[in-house]
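Just below sit the structures, each encoded as structure tokens.
Both complexes below contain subunit A, partnered by subunit B and then by subunit C.
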Partner chain A sequence: MAQATDPGADGANPAPPLLRLRGVSVTFKTSKGLSPVVRGLDLDIRAGETVALVGESGCGKSVTALSILRLLPPAHASIGGSILFEGRDLLSLPLKDMQDVRGDSISMVFQEPMTSLNPVMTIGEHLVETIRQHRRVSRAEALRQGIELLKAVRMPDPERRMAEYPHRLSGGQRQRVMIARAIACRPKLLLADEPTTALDVTVQAQILALLRQLQQDFGIAILLITHDLRVVADFADRVVVMYAGRKVEDTVAGRLFGAPQHPYTQGLLAATPRGMRDAAGGRRRLREIAGTVPDPMAPPPGCPFQPRCSRAIEQCGRELPLLGPADGDGLVACFRPGAAP
Partner chain B sequence: MTPLLELRGLARHFAVRGGTLRALDGVDLALNPGETLGIVGESGCGKTTLAKTVIGLQAPTAGEVLLEGQPIAALKGGPLKAVRRRMQMVFQDPFGSLNPRATVGRILREPFIVHGLGTRAEQWRWAEELVEKVGLPSDSLRRHPHEFSGGQRQRIGIARALALRPALIVCDEPVSALDVSVQAQVLNLLLDLQQAEGISYLFISHDLGVVEYIADRVAVMYLGRVVELSDAHRIWERPLHPYTRRLLSAVAIGGAGQASADEVPSPLNPPSGCRYHPRCPFVQDRCRSEAPALRQLEGAQVACHFAEKIAASHADDPAPGG
Partner chain C sequence: MWQGAITIVAIAIFNFCLIHMAPGSPVDVLAGESGTADPAMMEELTRRFNLDQPFHVQLFSYLWNMAQLNLGQSYRDNQPVVTLILARLPATLLLMASAIGAAFLFGLLLGVVSARFVGRAADEGISFFALVSYATPTFWSGLMLITLFSVKLGWLPSSGMMTIGSDKTGLAFMLDVGRHLILPTLSLSLFYMAIYTRLMRASMLEVYGLDYVRSARARGLSEARVAFRHVLRNALLPMVTMVGVQVGSILGGSVVVETVYGWPGLGRLAFESVGRRDYNLLLAILLFSSVMVIVTNLVVDIIYTLLDPRIEHGKK
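Up next is the complex of A and B:
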């Protein structure tokens, strides 16, 4: 079933993916009841591949990353389905084994580099702690590795930085420290949750270039979570678009921008102001996506995008469209996919 | 034509431990009626200080702000209040800039109360008109800000700014906190209102795509100074200042990023001469000692000693944003 529509399961590339999510659902327990924020998500990431997970606030993209590392508090969130990493289901792993996975074979970089660093620990202490958590090495050896890591993330003046506290660093430098920590144990998969959102544009470009460089040097697979389609275009091999907790489109990055299939993806691209002025200075009106994202506790019937979709037909309000092969390459969940009319 | 807003040598310095932070260091700009002037730059370039100094939330250290030819600093009492009505502000954070305990009706009546306009019944009617004007549901007045989404809250902020029929609205990152589909709604609303009411916007943003779209002219700021001032559609095609080039190439799709760190220096001890010189690939000796003034070039203004040379060396380049 799910396998049959997997773009990677065509025999050309028979190796199982590094990470395979099948039917992953995440439900938050709130004071008002159960709130399903991720619904039946299938996702594959191959070794060394970069997959971008895009969508707007509340679509479930960050929650997906947090569930892969089981970082959601079990008392408030329940995760269903399976998350296979190198064939092992992370969801049924004992907590102790899960702790070995975190920061070792899978690591994560967060959006806010200030709050992710301990203000009373030096940069060196952060790196030594991470290294010695997973490797039996002396403190001196960990310090040496720490300096190497800072060099790897192109931190200026790495020896001196080891003794400094986070507040002395700029936002971009802090994010470099977070990335140094994340790659300390040579992970196979890096989850990057909006790693450049809090940074200035020229620093954003530096951090993305750094991630790409590290990926080439160490062959790390990256799951990049972002709301910024611009970031995705050049960076990712494949793009997965989420809406209201579901995957609505999954395709190679170049194709997403050239020929988006889902009306939501098309809407996101048309709402972006870049390139909407002509040479004489005239403006084309931005296309709005009417309305707002549905409340996860009261989703509309049928397709979750249907109330905002200009192409919705009667069937869309009745049935949930399943992911199916799109025109060309990729998957789309829509009864009327394809070029915008 | 008298410009609606004029800034002359505007500076705002802050005394901090270790010296003087020159957040804004000599800015000359003019904004015409009905025009949108975009201000772009990275953290610490002084764009938010500029907004606050223009609107009067901070007093300038030097220089002056003129509205319709009148220096604001010279005004007091009634005339000052009258000028205040002519300029309003929309803030970045639609969550933090609305009183959570007030109803939307109360929030929208506030400007009328402060300026002693209308009876209570009239204020309610005007609030109803404002809600309609910005496309909020008609039952909004009795609800509280937390009942609205981020985009709707930004509409409330815009309605409040519109209440006194200002000539100028200073928008400080008004769409930065919003998702892209909602951002488009708010940008369209701002353009519609400008068309209907002839409002001018001083539009501050770090997002060049947004500024290029909404602004008629763009000022690029770097460490408290304007380094380039140009027509919005032109600056994208032919940036003159090396810093503008760099900003644009950083946001271009497939933008060429350098993995090495090279960041904006602190405005506390800005570099000598041209403030961009430590990061500039075209730096010459003169740049280290002599600060370039804004000057006319190709119908735009640029503060760079070697702008012609640099432009000529890039004549065959594809546009960085292309």
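Up next is the complex of A and C:
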């Protein structure tokens, strides 16, 4: 794991991050009106780094990842702010150039291995299609690379698998195919949206080990969206906690577990039993914190977490806490941050 | 295969019972037409056609003959019914193939365009056209097409399968038949085209919302590639099923269309045989039709397995 990298000021490494989101907001047009589901999000990911994005269901994690690749339906979602990838603003790229980025320098793995492969295409066709979309290689060469990719993701019997259809594969095998497909063009950034949530525990561990191996081998930066705090502890360099479309804490992974600053982060950790690593079996998603997530269309005044916060003071109901440097490392958006009382 | 055979026998028995419940016998009609109701001759005819036997004996002998592939003589023309049917079969097959083909092809195209421009003018226009086509009765659209294209504009022939008295051969003959085929195909296929348009549109829209389409976009595929490689093929599956289900009803519709356009096919022959109470002929036509429907369904099943690898060969 990387040494403490302050996400704000980083004197030692002045090179700009691989991906830089600034003031990104996503608004859906719904039948009931405009629904702002991501609000003013700043996010940096450096080359080779793993950043975990955590938060309760509906806080905007998937929407954030999809907006990076501009995969949200343009008729229903508008994206504001800027998304700089290697210095280019993805939001202002022509569609053709955006398509050249997708699957080549940035690729994505989705949560649903059962439905993310086309049922009428063989595994080989999926891989060949992706490779030849971005590389001018012959079919035979693409097939050869496809077999190599299946070997890289530890798929048993790769030659035979190439000719098989997705329904013959287990969930874990399909997720391996999706990962193989995602790394086919050696991306610099992999967006992994809950890549293991739909899988059995043992398979989860295998897939995560695979992701980590590939990251070390190829130096891929990963944005890992997850519900599972165990995964965060093992895997991520940095953790970004989202609540109701906003970033509320951003810190080094080790520190998040040692000294969480935001009351929401503390709530998330409290909802996960101690000794997370050794607890045998059982998929552990974040248990709900008391209270409900605010409706994006009618957020409470002041701090969005205030109705559920045991530490709220009068100011919290009036003003929105802005993201600022936390005690020590990292950033936090709270009027009363720090260790739980 | 066995299922098919059993189905055919069941259909044959059902048809037989149904026809025997209808009032009037062929003898009545023959006698009525000749204007003489000579009781002796009627008795003679009744015996010759086996109509004096009890019902179950008639049914049994019918099935027995059928098992020996003997479908009997027409009461009317004294020709084997199979000869009469085979003479009419090509015309019906041609009309069916052309109607199903047209309905499928145009339904598919319009559905794809509709889904591609959902909510926009093209989609609205196509939806309106489909609704009108769906709601128009076949016989009426047939008459209107004849009025417009044959009577008013004089572009296309209004009846028959080829120009009478012409001895065209080769390409000229095919073109001639083709010209005669256009209007009957149009009226028979409009209704089904409307159904396929709506079905294809819905099916495309559904597939567009699926995860593998999003993940195809996430890999940088162009919209055209996404549409053709990922959406279209999956969206076709319900269409193919639908065609299989509807062959029977298209065949039924061809009775009306063949009658309106004087198309020399099985449908019109069936219509005529009902009027004459020519039971043997009618039964044989119904039997042929059910065989045609069953065979088409087999073909559709095979096409479906080719399109959808999830259906494994040999397992059912």
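The definition used in the following text is that the second predicted complex is superposed on the first by the 318 of 341 C-alpha atoms of A that agree within 3 Å, B and C clash if a C-alpha of one lies under 4 Å from a C-alpha of the other, contacts with A are read in each partner's own complex, and residues count from 1 in each chain.
The rule is simple: contacts are C-beta pairs under 8 Å (C-beta built on N, C-alpha and C of every residue); 3 or more make two chains touch, one makes a residue touch a chain.
Small disclaimer: the values here were computed from a predicted structure and weren't measured.
In the superposition on chain A, A:Thr292 makes contact with subunit B only, not with subunit C.
Looking at the shared chain after the overlay, A:Leu149 reaches neither subunit B nor subunit C. With both structures placed on the common chain, the touch criterion links A:Leu71 to subunit C but leaves subunit B unconnected.
More subunit A residues lie in contact with B than with the other chain of the pair subunit B and subunit C. Once the two complexes are overlaid on the shared chain, A:Ala205 sits against subunit B while remaining clear of subunit C. Applying the stated contact rule after C-alpha superposition, one finds that A:His227 touches subunit B and leaves subunit C untouched. By the touch criterion defined above, A:Ser170 reaches subunit B but does not reach subunit C. No residue of subunit A lies in contact with both subunit B in one complex and subunit C in the other.
Chain contact summary for the complex, subunit B toward subunit A: residues 42-43, 149-151, 179-185, 187-188, 191, 206, 208-210, 212-214, 216, 231-233, 236-237, 246-247, 249-251, 253-264. Chain contact summary for the complex, subunit A toward subunit B: residues 56-57, 154-156, 170-173, 176, 200-210, 212-213, 227, 229-230, 233-234, 257, 267-268, 271-274, 276-281, 283, 285-289, 292. Residues 69, 71, 99-104, 107-108, 110, 112, 115-122, 129-130, 133-134, 165, 167, 178, 181 of subunit A touch subunit C in their complex. The touching residues of subunit C, counted against subunit A in their complex, run 210-212, 214-222, 229-230, 233-234, 307-310.
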